[in-house]
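In what follows, structures are represented as structure tokens.
Okay, so chain A shows up in both of these, paired with chain B first and chain C after.
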Partner chain A sequence: MAHFDPNAKPFSHKWLDERLAVDTLQKVLSTEYWIPKNINFLWAMGMILAATFGILLLSGIFLLMYYIPDTKLAFDSVNHTIMGEVGYGWLWRHMHGVAASVVFLIIYIHMLTGIYYGSYKRGRELIWISGMLLFVSFSAEAFSGYMLPWGQMSYWAGMVITNLFSLGSLNLNGLVEWIRGDYVPGQAFLGRFFMLHVLLMPLIIMALIVLHFGTLRIPHVNNQDGEEIDFEEEAKKWKAGNRKESKVIPFNPVFLSKDVFVMSIYFIIYFYLVFYHFEFAMDPVNFDPADPLKTPPHIYPEWYFLWSYEILRPFSKNAGLIAFGFAQVIFFFLPFLDRSANVAPANRRGLFKYWFWILVVDMIVLTIMGKVPPMGIYTTIGTVAAWTFILLWAVLPFITKMEKPVRGSK
Partner chain B sequence: MSDRRDFFGKALGAFAGLGALGALYAAKRTWDPLPSVKAAGFTTLDLSGLSENKLYVDKWRGKPILIIKVAKNSKPNEAPNGNNKNAYEDPRLISVGGHKYMIVIGLCTHLGCIPDYFSDKHKFICPCHGGQFNAAGEVLKAPPPSPLVIPPFKITGNKVVLGEEGPEYKKLKESGLVA
Partner chain C sequence: MKDLKILGVVVFFTLVTYWGVEPYAHSVMHKHVEFEGFKYKDLKAPAKKGDPAKGKVAIAACVSCHGIKSQGIKAPMDAVSASAAYGVNPPDLSNAGAVLDEKFIANFIVSPTHAGLVKKSGMPAGMADAQGAADIAAYLKSIAPKEIKPKEAFEFACGRCHAVRYDKWTQIGQTPKTKADIKTGVDLKKMEFDKKVGQYKLNLAKYLGKLPPDLSIIVRARGEHYLKTFVENPQNLLHGTAMPRVGVSNEGYEKIYKYLEKVGDPSKPKREKVGPIVLLYFVGFAFLAYMWYKSQWKDLH
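Our next item is the complex of A and B:
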């Protein structure tokens, strides 16, 4: 039964707790959310992602004050107004561009960490799936943002990517024109991608981050040995003062301080890039205004889309689209394609160890091949790497089915 | 009592569902191309005075139009798919005033980049994924699955109007040569 102490001072701790249950909230969400001790800096990547999303939001708000979503004005509003006239406008633009690029590096590290340690199994399937939804949403967010400066790369990337929706021989040109609101990318196209980039996608991403955190709460994070920890038992030890014996620490303030340490190093590197090496995140071709009558000599997506783009390239149109679609969705199914019950680091898991490292190398090769022109030996390497990617996923259920139980896991 | 609640629940659900469908439809229509965008655009090409084997570019409905007055000998220097016949003999060319022209929408049928014309090789090469076409717009090398598309046209004297279907266009269309 609700009880309100008439003598509690407004906004005092007691007053707030009676109305908002702040004590319970704080316990559930932070001081009694238990984190295993047996983890390493790779477990800080999630919080780094959350912080980088914060940076994107903040810098984006400032850019939004001067950006104009009009095909005639957009290019100058970015390249003249924001970069030249607005005080510190360049800072927001470079922070936004660099963050948009490095966020994908961190996402890939975060995903590969999850794969390496088997953190998508035994109660953690929804963490993985919500994470993949975040990956797809971030991709949509990055793509829609890339359209906004209305430079040559914006225009032609917009052309090529929206054409994917004609779905090859199905020739759904009506669908493509519907997505664009025009026969070719134009004002209607810029307007709707602007809306997606500054409102709808950020809203979806924020909702998904809440979901992602929610899916983590009950299974808790995994650890370096994939050990199944009795969190209640270990928490009791901690609370009883046996901090040395307990296998866990509270998220706040103990674990958070470690997170903040890794984040600080990350931000030192990040701001170094923002101030001294922002150019890697700015494609020179996009400093030419969009020209519907001239395709740039060599077009390619931003580095983080290259691996899946390269899976599209070596095949004929229809096969390429199928392969590309496959690459987009296959990671969602990882928790169900991995048939082994082992939750353990890949290097203790027999053939899966090789599977993991071949996947990593293959994705790097695909990324490099996606950047070079589609010619001669590059086409051959690209084709082999694309087939390797597909075959890896085809063999995954079989090699994991054969896997022997790892000592210590059930 | 629970029947009543059931009924109200269903009625509410039905109305809310109708409203949601209506909202979805409105949202779909909002994304549709505007009438001003769809209103057919026409472009008139004047073909007198073009030089042979040189690429000319015009624009129709925002899309690039590629025009070549095809030379008598327009064999591609090399055709990875074996189709290295002389483009001048191609039935897709449009005859105007005793000359043959390639008039196509300049968007690669793979994913829509504009292919570059190399007049010495008598072929187009697409900058995006390396597709190739001959001087009549036929595919010489994948990934593009089909020839460059011929827009609807009508011949009047030495001029060609794009956006209108003349008898020559209809004939090509019937023989399945426009796309």
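Our next item is the complex of A and C:
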């Protein structure tokens, strides 16, 4: 039976604790949420992602006050009303656009950190999978957002990407029309992507962030050496005052202080981009209004989709789609394709070391080739890089199976 | 120290990616055209210097189409009728000398298509011989005001073909302020104006083969370098385009660009003002965060 002290003052600490267990909550979520001491700034990327999502949400709310989801008015509501007439509208738009681009850079760093340190194994599979669900949701969020200004790139990228759903020779034009709500992108198309962007996707993302944090709580985060830590034992040391000997630190305030410091550096870079270098995040072509009669000479997605787009391009229609589908889902299976029990930095893991660095370089090559026009030498490089990507995943189970056990700690 | 090494690796790969998708990819996708400083080297300078006094007499041949307001000469026709007659409204020449290059004007009068690098022009060729044209050009230079506003430069050189809706500019002039009838919401004045603009646009599109694009945010869509080189010689970037080489001088172009930038990128002055303050704030924040971090971690190792 719960006990409620009739004399506790409303909203006093005791009163709240009896009703909400605020003390326990605080311990579980913050002051006794133990983090390994042996980590570097890459472990702050998760909080930076959360903060950037916060920026996107806040700036998005301001943009939403003036944005008009009408194919005739959308372009001017963004480029004239918000950029020119509303006080500081330009600031919210540049913050939103830059954050949307930078969030993917941080996501890729965050993912590659997880791959490098093997943070998707030994109890951390669900962290990885919920993370991948976040990646897919962010992709949908970014794509739907890109439609909203109704510029040339919105229109034509929308056309090209929704066309993929005809699934090559299956010619499912009915499906494409169902997605668009029309034969070509138009009012129905804009309306539904608007709904996705400002309501459904943000809801899903928020739910997934909670899930992602939940999956972290029991396995705890990994550390630089992949060492298996007895968190209860180490927490006892900390609570006994052995701050030096204990291998763990409480999330709040010790780990948080480092997170906040890394975040402050990130904010300096981020706002530098917002004020002085925002062009990379806002494609010039999208400052031409959508024109169904004029195909732009080069149609390409935003930079963060380029690597998977390039896996689609060098192949024939059907093979390309299969390769593209493969690229979209394969990362989900990483915890099960890596057959080694080692949780350690890639550099200590035999062949996996080369696998990791080839993957990084290959994805960058794919990204660059995805933007340049597919001609001559670029087609060749793109084809090789796409095959490399596929082969990397094909050999992963074998090279990890052969891997010798390494000790977690030095 | 390990953190800094890792940061180095992350920054390296980030910059390589950035270089690949931005400067490198764009250099592959877009032909690079060198800017030549509005010199129009392909056009010949007149043998003798033009004489403004002679030009003043010869200009009489021009005012059957052009107005010269600053000299008290009104345009013979309104914009819509002129566009019906010539395809496009011949611009008022008061500011011609302030915006255009003198050598270009002289060449343009002899042959508008040759100077403009287009197949046809609403302006007839052979209005004067080379020397007569040089005289008229000198005269136009002599009556040009010393200082003109950015918008006036745009209006003369581009305004007859391009609208700028974010500044309420139409090809036939500024959209007038009108009032709708309160009881019915009908705004006849506006409808009449819109009809005139519509008629003008139809004539213009017939003349040029297409309606020239609105230039409201062209500075964001094309960027400084493209605009400059495009105006210098449209054929270099859009082969076969109907947009004529307008023949602006350096000073004239600066004014035009200033206008386009003010309309297309109005937040620039604000950005330059607010940017440093925000950055300074976060530098201060970083400093405090660092102190906190150091105090929390000082006895951990």
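What to note about this one:
Everything that follows uses one rule, which is that the second predicted complex is superposed on the first by the 407 of 410 C-alpha atoms of A that agree within 3 Å, B and C clash if a C-alpha of one lies under 4 Å from a C-alpha of the other, contacts with A are read in each partner's own complex, and residues count from 1 in each chain.
As a convention for this text, contacts are C-beta pairs under 8 Å (C-beta built on N, C-alpha and C of every residue); 3 or more make two chains touch, one makes a residue touch a chain.
Being a predicted model, the structure only gives us computed values, none of them experimental.
Of the two partner chains placed by superposition, chain B and chain C are both touched by A:H298. Touching more residues of chain A than its counterpart among chain B and chain C is C.
In the superposition on chain A, contact is made by A:R313 with chain B only, not with chain C. Within the superposed three-chain model, A:N163 lies in touch with chain B and out of touch with chain C [touch as defined at top]. In the superposition on chain A, A:E233 contacts neither chain B nor chain C. When both complexes are overlaid on chain A, the residue A:G181 reaches chain B alone and has no touch with chain C. Of the two partner chains, chain C is the only one touched by A:I268; chain B is not.
Overlaid on A, the two complexes show chain B and chain C touching the same residues of chain A, namely 297-298, 373. Listing the residues of chain C that touch chain A in their complex gives 2-3, 6-7, 10, 13-14, 16-18, 20-22, 24-25, 28-29, 165-166, 213, 216-218, 220-223, 266-267, 270-271, 274-275, 278-279, 282-283, 285-286, 289-290, 292-293, 295-297, 299-301.
Across the complex, chain A is touched by residues 31-34, 37, 57, 59, 61-64, 107, 109-114, 116, 127-130, 142-145 of chain B. Those residues of chain A lying in contact with chain C across their complex are 37, 40-42, 76, 79-80, 83-84, 88, 90-91, 105, 109, 224, 243-244, 249, 253-254, 257-258, 260-261, 263-265, 267-268, 271-272, 275-276, 280, 282, 284-285, 287-288, 297-298, 303, 306, 360, 364, 367-368, 371-373, 378. Within the complex formed with chain B, the residues of chain A that make contact are 156, 159-160, 163-164, 168-169, 177-184, 186, 188, 192, 292-299, 312-313, 315-318, 320, 373-375, 379.
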